[in-house]
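I've put the structures underneath this note.
Each of the next two complexes has subunit A plus one more chain, namely subunit B in the first and subunit C in the second.
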Partner chain A sequence: MGEPVEDVHQLDPLVFWEHARSFEFWFEAVQGYLEGSSFGRHPEVPESVREADERDRLVTVLCNYCVGETIALEGAGSLIRVAPSRPAKVFLSTQTVDEGRHLEVLVHRLLELGVSDPEAEIARRASPSLQEFRRLHGELVRGDDWDAALFAQNVILEEMEFAVFHRHAQLADPRTREVLLGIVKDERRHIGFGENELGRRLKRAPDLQRRLREVRAELDPLILRTFREAIAEIGGPAAEREDLSKSYLQAVTRLGVE
Partner chain B sequence: MTTDFLKGYDIQYWLESCPQGYLMDTEYGHQPGEREPDVMLRDPVLREQAVRTTVQLILGERCALAASSGLINAAPDEASKRFLATQTLDEARHVEVFTHRLLDLGIKNNELEEVLKTFANPHLVRFAETLLEVVDRKDFVAGVVGQNLILEGMAFHVFEMMQAGSQQTNPKFAHTLAGTIADERRHVGFGENRIGALIREHPERKADVEKLQREMSYHMLATFGAAFREGPSPQEMAERLAKAGIESKGGQDWQGVRLGEATPEELEQVLGDTILKEFKKRLQRVGVEYQTPLVPM
Partner chain C sequence: MTPGDPLPKPAPGETPRRRFELDDRGFDEVPKKYRKFYRRLEGPGDVLGPNEVICPVCKVVVRSPRELRPGDRIYCMACMTRLRVLEAQGKLEAQPEY
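Coming up: the complex of A and B.
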């Protein structure tokens, strides 16, 4: 299938635009880190979560990650219909399967941790702020608002997940760490697509900034609250909240949507 | 019960069997370096026929992409959502590989949409509109019947026939079709299993599903019928290929018919018989009775 792809953020923008949205690119990108893995990790990694309290906190965090990934799965699938170009539709189909995979590996991790009915457990432990985000994101998607829905999904939601999952992976048990690091690699690709697509559209239609600022004003408090809750659960110090928010804010600033 | 069958359709299985299985080491669905035979680009009749066929494949796959992605939100359970995510990517890959074939046949990127419009079969366009109306209503049962049983279940046999007919004359296209057929088999399997369970749970849906089948099957059969009546006959194709030194030797056998020697009527007959025979069996398995379309092929 060719040489493994480099980090999409280091690609020339034109090269990214031409190639990063194809199935071929997706396949080459995921092949490297998914080959030989089963449900997002290598089978030989031992279980090390034994304490009931640690397990319970991890289950709460993973349940909320599942909510985030379900939002992303439903969003990416629905956005295919409104995507303005054929390559964008193809990219979103690769994102759809990525999001489906994330949901699957996280549910599988819940089963490993002894959760017998993941769907019920996810519904029970879902954070109210994330549920509210789901409702608002669903409205944007159903309204066929490509720019706003893509911004909410591939910039706001994915940046938040990227920052939290990346930090959680550093603190997590080995099984959870491997699962999260695999997800983070996909998120980078999704963020790259979102920033690139929106960056181009913002150049052509500067008025779009105002619309995206409105979306941001509505969704920011929900996302930042979710940050706080997740960091508290994974055992990171409160000061980290600011650091994690920084990467999200940097992405938004890159687009000029301060 | 439903959850058990869905374990066979999870993303892990899909990753191992599809991207890490039969698509491994392929390039746009075929072996690296394979090309369309030169004669396809030189002979205007053969080229136009290849373009016309590929256009119908692209339009069918675009419809399937819109439908499978649209059904994710309508799916009643999380495992079905995940299966539909894999189907979405499969369909997008099909759109990509068949679009790539049009480019290989000399169509330029900026001509693509116009070429699709020129050669689109109106019955296929109507079929797509009907299916997407159902998907827009978030009707999961009707959507999966239309997409996974009617569109894919019927197209599956057409792909098989084209694949058998291309093995000797165009290995690149035959390889592209082989991967597509493997995907379609999985989609049809999911459709049968999931819809069978849902019809058992909701027997009140049977009547409107049968009505939908009647309308949609008509458009599919009319599309296939038109495909045989347009363009050169199989004999003319074989003669033109032979002039370029590509011997089809009567072509492969498919359902007891020599594809390179059959008349268009014989091909239409064998395809219709196969499609309907298999389709009726499939509907029976999910608990739906086949309804003869208003104007049969």
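Coming up: the complex of A and C.
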């Protein structure tokens, strides 16, 4: 796949499917936006968060992002064992690396903001809704429930992160913005993997819809609550809080899990 | 190409498709060799070309070197989705094909 490409859309669908999920593809993709960065941003970007109140609100939001990334890190790594195909296992290995990087760059940002003990701060500021999501997602993962765990993680959690991080980046200070935009670039792959993997499985086993609707009913209110709180903390208008779930709702509609 | 998923052949009498020279628009989320096939949506004033469609999954603009028409198959490499082009309310859209 090293030769120049005349028209990517002429690729064989099976070649595309496997290539886009490969470690080789991932490596070349992340090189494009991470090369030259350190902890997810260019070192010369100045610190501009100076007010104590702004700093405190940002720390709360970042602590909750750290919880979300920890859920995804633990989930992606654990699900490799039960992933139903080699390309899915390889993709999850790349997602695991992405999630580990996200957690690391967010913790680094907390340290820059003066948080001396990030683990204690994350535990203190974590939203109860997100902690409950973590507990329930953990049960799905430990139960080897591939479809439900992937749905919870790569559709419910990642879709909401994708929307909220993107919006937060537009409102954030330059350092936080760059860190978040780098994460959003990774999230595109994660949401695409989740929707495509589940879309294929739903085509073969329509009964799965009922199971995923149950998971959705239990888990998505927890995530929606968490991210609405985050948007309020970063100063997004109330009307926007509903808009942020639009992309997620479109995804579940495409999957027939509305 | 696989027998089960052929690219649409031009119908007899079909108007020839316009061709487009794609340039690299700085979309750095895919390997360099694929960059010219994608770009970011640049706000509400951004008008899509006849060779462009938005990926409904990740909202990236997918670009083709030829004019797109309903029924075409295209790929979004940013989110690894195979898409089918369709026409809705006089505009080209895409939907995932799982």
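Here is the rule we go by: the second predicted complex is superposed on the first by the 242 of 258 C-alpha atoms of A that agree within 3 Å, B and C clash if a C-alpha of one lies under 4 Å from a C-alpha of the other, contacts with A are read in each partner's own complex, and residues count from 1 in each chain.
To be clear about the criterion, a contact is a pair of C-beta atoms (placed from the backbone, for glycine too) under 8 Å apart; a residue touches a chain by one contact, two chains touch by 3 or more.
Keep in mind that what you see is a predicted model, and the values were worked out from it rather than measured.
Visitor: Which partner does A:Y33 reach: the first (subunit B), the second (subunit C), both, or neither?
Guide: A:Y33: touches subunit C, not subunit B.
Visitor: Thinking of the overlay built on chain A, is A:R254 touched by subunit B (first), by subunit C (second), by both, or by neither?
Guide: Only subunit C is touched by A:R254; subunit B is not.
Visitor: May I ask you to decide whether A:N196 touches subunit B, subunit C, both, or neither, giving the answer as first, second, both or neither?
Guide: A:N196: touches subunit C, not subunit B.
Visitor: Which partner chains sit in contact with A:K185 here, subunit B, subunit C, both or neither? Use first/second/both/neither.
Guide: A:K185 sits against subunit C, while subunit B stays out of touch.
Visitor: With both complexes superposed on chain A, which partner does A:E104 reach: first (subunit B), second (subunit C), both or neither?
Guide: The first partner, subunit B, only.
Visitor: Can you list the residues of subunit A that meet both subunit B and subunit C?
Guide: 1
Visitor: Touching residues of subunit B toward subunit A in the complex: what are they?
Guide: The contact residues of subunit B facing subunit A are 10-12, 14-15, 19-20, 23-28, 65-66, 69-70, 72-73, 77-78, 81-82, 84-86, 88-89, 91-93, 95-96, 99.
Visitor: Mind listing the subunit A positions that touch subunit C in their complex?
Guide: 1-14, 16-17, 20-21, 25, 28-29, 32-33, 162, 185, 188-189, 191-193, 195-196, 199-200, 202-203, 247, 250-251, 254
Visitor: What residues on subunit C touch subunit A, complex-wise?
Guide: Touching subunit A from subunit C are residues 1-2, 5, 7, 28-35, 37, 56-60, 64-66, 72-82, 95-96, 98.
Visitor: Which positions of subunit A touch subunit B when the two form their complex?
Guide: For this pair, the touching residues of subunit A are 1, 22-24, 26-27, 30-31, 34-35, 38-39, 70, 73-74, 77-78, 80-81, 86, 89-90, 92-94, 96-97, 99-101, 103-104, 107, 119.
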